[in-house]
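Worksheet for the structure shown next.
Chain nomenclature is as follows: A, B, C, D, E and F, assigned in order of appearance, with residue numbering initiated at 1 for each chain independently.
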Amino acid sequence: MGVFAEIIGILVTYVLVSNVILTQFLGLCPFIGVSKNSESAIGMGFAVTFVMTLATMFTWMLYNWLLVPAGLEFLKVISFILVIASLVQFVEMFVKKNSPALYRALGIYLPLITTNCAVMGIALLVVEVEKMSLFNSVLAGFSAGIGFLVAILLMSAIREQLEIEFVPKGLKGAPIAFISAGLMAMAFMAFDKALLMNLVG
Amino acid sequence: MGSIILGIFIAIISIGLLGAILGAVLSLASEKLKVEEDLRVKELEQILPQYNCGACGFSGCSGYANAVINEGEAINKCTPGGPELLESISKLLGVEAGNLEKMVAQVHCRGGEKSSVDQYKYSGISDCNAKYQLYSGDKLCKFGCLGDGSCIKVCPVNAISYDEENLVWVDKEKCVGCEKCVDICPTNVMKMIPYSADYIVACSSQEKGKVVKSKCSVGCIACSICVKKFPEAGFVVDKNLSSVDYTIKSDRAPVSEACPVKCIIHPYKETKDN
Amino acid sequence: MKLKSFPKGGIHPPHRKNSSYSPDDLNASLPSIATIPLSQHIGAPSKCIVKVGDTVNEEDLIGEASGFVSSNIHTSIPGEVIEIKDLFLPNGRVCPAVVIETKGEFSRIGKSLEIYPWDDIEKEKLIEIIKDSGIVGLGGATFPTHVKLTLPEGFELENLIINAAECEPYLSSDHVLMLEFSREITTGLKILKKILEPKNIYVGMEVNKKDAGDLLTKTFKEENLDASVVLLKNKYPQGAEKNLIKAIIGKEIPSGKLPLSVGVINVNVSTVYAIYEAVCLKRPLVERFVTVGGGAVKNPGVYRVRVGTSVRSLIEECGGFTEEPEKVIFGGPMMGFTVFDLDVPVTKGTSGILALTKKEVNSARTTNCLKCGRCVDGCPMGLVPSKLFKLIDHNLCDEAVENGLNDCVECGSCAYNCPAHLFLVQQFRAGKSIVRRSKGAK
Amino acid sequence: MNKTINMAIKLLVICSAAAFVLGVVNSLTAPEIKKLEEEAKVKVLGELLVKGKADPAKEIFVENNEYVSSYFEIVDNGTVIGDILYLKAKGYGGMMTLMASYDSNGDLIGSVLMNNSETPGFGKKAEKPDYMNKFKGRGSDSNPLPLFKYQVEEEIDTVTGATITFMGVSSALKKGSDFVKGGLK
Amino acid sequence: MKDKLVITSSPQFHNGDSTLTVMWSVSIALLPAVIWGVIMFGLSALWIMVVSVLSALLAEYLLNRVYNKSTLWDGSAFLTGLLIGLNMPPDMPGLAWIYVPLGASFFAILIVKGAFGGLGNNWMNPALGGRVFVFFSWTNHMTVWEKPLVDGVTGATPLGGVKSGLLGYSGSASNPLDLLNDVTNSNLTYLDLFIGKIGGSIGEISALLLILGAIFLIIKKIIRWEIYVPYLVVFILLVWCFDGNRFGTGLFTGDILFHLFTGGLILGVFFMATDMVTSPITAKGMLIYGAGCGFLTFLFRVYGANPEGVSLAIIVMNIIVPLINRYTKPQLFGHAKLEAANE
Amino acid sequence: MKVFTKGVFRENPVFAIVLGLCPALAVTSMVWNAIGMGFGVIFVLVCSNLFISLLRNYIPDEVHIPAYIVVIASFVTVVELLMKAYLPSLAASLGIFIPLIVVNCVILGRAEAFASKNGPLDSVLDGLGMGLGFTLALIAISLVREVLGAGQITLFEQGETLVRIKLGALNDNPIRVFAFPAGALIVMGYFKSLFDNIMKRSK
């Protein structure tokens, strides 16, 4: 089983098996908040993917090259959040300046991402719990972002459809979105770890 | 002990440095990458709650602020902000409610199941616009309320409900005067009246009195008693139909009493809750 | 031979056609009282030019076209105007109607036919005659034919397509007409050919009318008319203009455009016959073929009926009802309108009168949409009716328009198959009316 | 530029203050956390050892074995009386790690389920001592380790609904026993 | 003459199908399987189905009361209850035979279907939602398999037997059937699998009778080939290509027959994946959906931890249906040219 | 007083504003976890609100966000370290959701919207109210989930000390889905609906 299998493994893990939203409970606020229509859902999904990839990279370097050697693991929260917040702000400014079109498509979702716990959550997960290599961490960050994208895209399609169904009044809007997400999560239990193990070893 | 102090020292240095570097980079970047922005957007953004929750349907508070200023989005989309916020936004943007009297909608027809005559047996969607496609509705009178509640469906504040005769009725306390019901109503029986209106002529038929009588027992027969007997009360009969001139303030209770078909009524009453 | 058809959608309702007839018995009896509405066409209603008490001769003008897209109206019987009253037409519109009681002579009955030569008449004059004769499209839309025949300056017409599809179940008026009057139709086509100068002429019909097709082919050959009969699959709505054109020449009329945009003019075969009568017999449009049918009618058949004859008398002529009908329909069962009053008159656009029994109607309680997709399969216009239905239900008419609401031809294929028995077409009509109204407001 | 420096300095001050506070808190809590970790280790060893001592520092890593990743010896009075093995096993929620101690005959002395992501209520039951007790003392040819559920008494209470975890644990323990019996090869 | 004729909008007649006839036809088509289940497993199976159907109807009745509707007998709740019953193991310990089907039916009708507005509005298959819910909730009850009464051969379901068999297996069987017979000490034949002399859920065991029911539905034009054909084709192809790997026989040696006749595949393919409410609305969409179901069934069944794959595969595909619907709209008549012209 | 109560009910962070969802759903399979999480959040909210309102006049506007974040992150770290040292099993079951308090939008939101504009006393009250609202919401969700999903109510758990009410038959065969993410989301959906309806009535 070579590198290829490992890459596939990480991708499948973070997109399906440990989907940030449907199994890990990370990033639910934007998932519920921005899934009303598909356009913004897709925009949010890509923005999250982008930031998550960069954030895992920077925080990994910070953690393994600075905090661990200096014995300062306890400062991870404060330093990670600083890095992520600055990163988001920097990216926002950069995109705004250099590509107004991209900014219109993605940038407007960026401010929401600082407080999206999926970004920070994945960053913590890969360095602290999973203890992955740099490459794998970045890949995991990227895959988790794609997992977010997939979940929010599916959700937005369901919600757009529900918009014109005859959902009972009391359950319209956020409640039915939660229930739908619950049913989605139940179905996603089909993607168990054993499946992954049997597939890619 | 020494090692602890050393540890704390290292911590201070590294995080302090990290903070300083990031601060410097960001502030440099913000100058280098500055983009001119509409000041009003910034201002509006400041008074929004900054939850960036997306409840408004936009990408965070700044997205919403932008939409309000540049795309004329309604200012009441931020639910977390509540009424206080609404007030401060309207102050900021100078969108005043104005001091015109509030208008509310009301149905000008009382021809319910018992009082009006049917023309045919309808089978189809329970919706006024759909029913209207077939000979303008199943009532013999073509001016009346069809009672299928298209207006109920569009009213954003649930101000419309059925009364005990299964005709719709607007609760003027809830109505915010958006006129959506007026737009959707195919027979134009839903009309706007001032909030303070005390009586309405609950009929819209422009047919001759005799014809009206054959179709509905509570229709306005244009007998003109309201005009002739009470010249001060502000009633006008035009096109076989009486109506009220609300600019005239007067006691209209006796007129209501005198109306032979009793179609001059209060625009407020109890409705079934449903 | 592989039959042509439109590629997408369409349904197969039972035909239930009955085209047996006896040529001698074709004429319905003349009405003693004729109620003639002053709006029997698309466009501005005609202006009434008679008043109560006036005496009129058969085929006299009683309503004058009030604009270019409008049509003349003639009386179908001689007599006295006894009333002018408002009338509900089957399509739901209210219009004034002239009521005439028979008095005096019928000008044509019992007299030998005189056929007027038309070879020397110019194009413009021919259109003028058609206009004066009050001819409107008899395929259902009742669009004034002279308007259709007035081509833009310098336009060279590619195809003239004659619609003889008659895809609606029960109806066989066009079929009988073609069997009985193939020669007259051929002449009518020649007149049209002179007016329009098309490169090709096609007559499209469903294969269940093959006998009429063979007869027409033969007649065309005998009369030296270069026109071809195209047999089409039995599939509803083969006769809808857009589908017919797609089936025959393979071109799609762009959304919101007229057939002219693909170089086609499409005329119904009865209209062609009416043109023949107007030009060669100098007879305005006061009579048409009507199918009387449905399970509740004792002796169904096809009759030649004077405009203004009431349904009641027509049904009595067919032996009355065998059982109480659930519905009485003007037109075919797919596109026709129900009426609540048997005194409504036959008009120029009335292709059939059907009295259906409860069993034929097959109505059932509506349920929620099952998303079964049968409506999508049936829709010839590529719409997703179930979605449109819900959009309109949620007052999202603008979104419905984006999803093609205005492309719906109201053929009813969707609702016919819908297991939820949703009133899809009615909803679409309501939606369109809301859209029209809000556009008008803006 | 002045502004930049100004901002940098202010952030520097805030960050330093924060770091200072955290450093102090950390220095107070760190020993406590360390103590807890130690306790946990002692507890594991307690379940794995009946007598003798083990020095995890002398861990020997095993290459190319599907089940055993490393082991170290149990020494009693200077003689090696058995081994503690780190085992890999396939569970319902992915790979699991076990620690198992065997005497030199391959009989199981004790075992503990370490890292795993089994489901609470199902596979997680295997973390409990009485689950592992079912395997204790077995391993020799006359008293083999159970491989299927029906080979364990009272299986219904403990292992119902978690066959996969059970199969993972049991086959790993068996392979461990074989490994010891095969002379640690 | 009646005083008033009925006025409706066109079309004025109808082909006669209705929700009612569709739903009850499916129930009728399932009847042979129901009877077979009772024959094979005895009355306990019957009681379980009675509980699931009654509780589904009860749940529907409650919803009707709350939302003021009358959909109790439109056949949909009955059918959902019946399918849940057919998806239950034939015997459950203690009171589980009551609360498991009851829980499944309630979850199915009240939450999966009712919360979305009842028939037609749900995006997930209610019966499968209910089944998966109880499967994950009470896995211990849902994975206990009783022996069939007649010619009983094996306790475990074939798929479950193979799956747990493979874990510790060291014998020489090179196909699933041999392995199953080896592990469970029985001698099943493919015919047994086909007729249904095996363990499993009440209604899934007899491929033969289910196929008969399916043919009835195909004739009545209720289920669509656009779903079941791609489902079967993709699944069979994948099994044929890859399933042999598990038995060390290499590519293109998978045992198609074994996989076709076991594990509720036929029930799922013809009766559950074809649920019109939760499948795409256009033919193109249905093809994608069917193929996806086939792929996921293969994936879950062969590689997943749970022996069963069909129900999970279908509800996972249900999630994607709205997205499929969005991207498989038919081409509007007269618009292709319009768009081209505008460009 | 209004400052305090509005966070508990009318502006409840979880049910009204629908923020802070991840912890609200992730840690609510046990009542004790919900309590622990809730207290963590209350601590951070109160302390950071207090500090920020004290410092509000000294923090330059350009860097207020990073500055606030640093303050918040510090308190979060304090909570994390204390919990690991003294309540290790709670810390283990809350896992990464303790450090993630830092990105809980409620906290930064309150700092921005309230503490930076109000005096220390009001800010503390506001933080207390919001935190309590958050905690109550978590406890409500966790009660339903633990009862249904595990058939028990765990009020305290540390080492050998365990305060747990077992609910007979339900405890033997709980409806386990409610302990999984799926159940959490469904329960949340119904809570939200219930809350919305109560709010509508009370208006």
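Note that a contact is a pair of C-beta atoms (placed from the backbone, for glycine too) under 8 Å apart; a residue touches a chain by one contact, two chains touch by 3 or more.
Because the structure is predicted, anything quoted here is derived from the model rather than measured.
The chains in contact with chain E and with chain F alike are A, B, D. Using CA-based centroids throughout, the chain positioned farthest away from chain B is D. Note: centroid distance chain A to chain F, computed from Cα atoms, is 22 Å. Computed from the mean C-alpha positions, the centre of chain B lies at a distance of 37 Å from the centre of chain F. The distance from the centre of chain C to the centre of chain F, with each centre set as the mean of the Cα atoms, comes to 70 Å.
Averaged C-alpha coordinates give centres for chain A and chain B that are 40 Å from one another. In chain A, the residues touching two or more other chains are 29, 33, 74-75, 78, 82, 86, 89, 115, 165-166, 171, 176, 179, 183, 186, 189, 192-194.
Within chain D, residues 3, 7, 10-11, 14-15, 18-19, 22, 26, 92, 164 each touch two or more of the remaining chains.
Multi-chain contact residues, meaning those touching two or more other chains, occur in chain E at positions 4-9, 111, 115, 117-118, 120-121, 133, 136, 139-140, 305. If you check each pair of chains against the touch rule, the ones that pass are A-B, A-C, A-D, A-E, A-F, B-C, B-D, B-E, B-F, C-E, D-E, D-F, E-F. Interface residues of chain D facing chain B in the complex, by the touch rule stated above, are 3-5, 7-16, 18-20, 22-24, 26-27. Chain B meets chain D in the complex at residues 4, 7-9, 11-12, 14-24, 26-28, 31. Partner chain B is touched in their complex by these residues of chain A: 29-30, 33-34, 36, 40, 43-44, 66, 70-72, 75, 78-79, 82-83, 86, 89-90, 93-94, 96-97, 108-109, 111-112, 115. By the touch criterion stated above, chain C contacts chain B in their complex at residues 88, 92, 94, 338, 340, 363, 393, 395, 423, 426-427, 429-431, 433-434, 437-438, 441. Taken in their complex, chain E has these residues touching chain D: 139-140, 143, 164, 167-168, 305.
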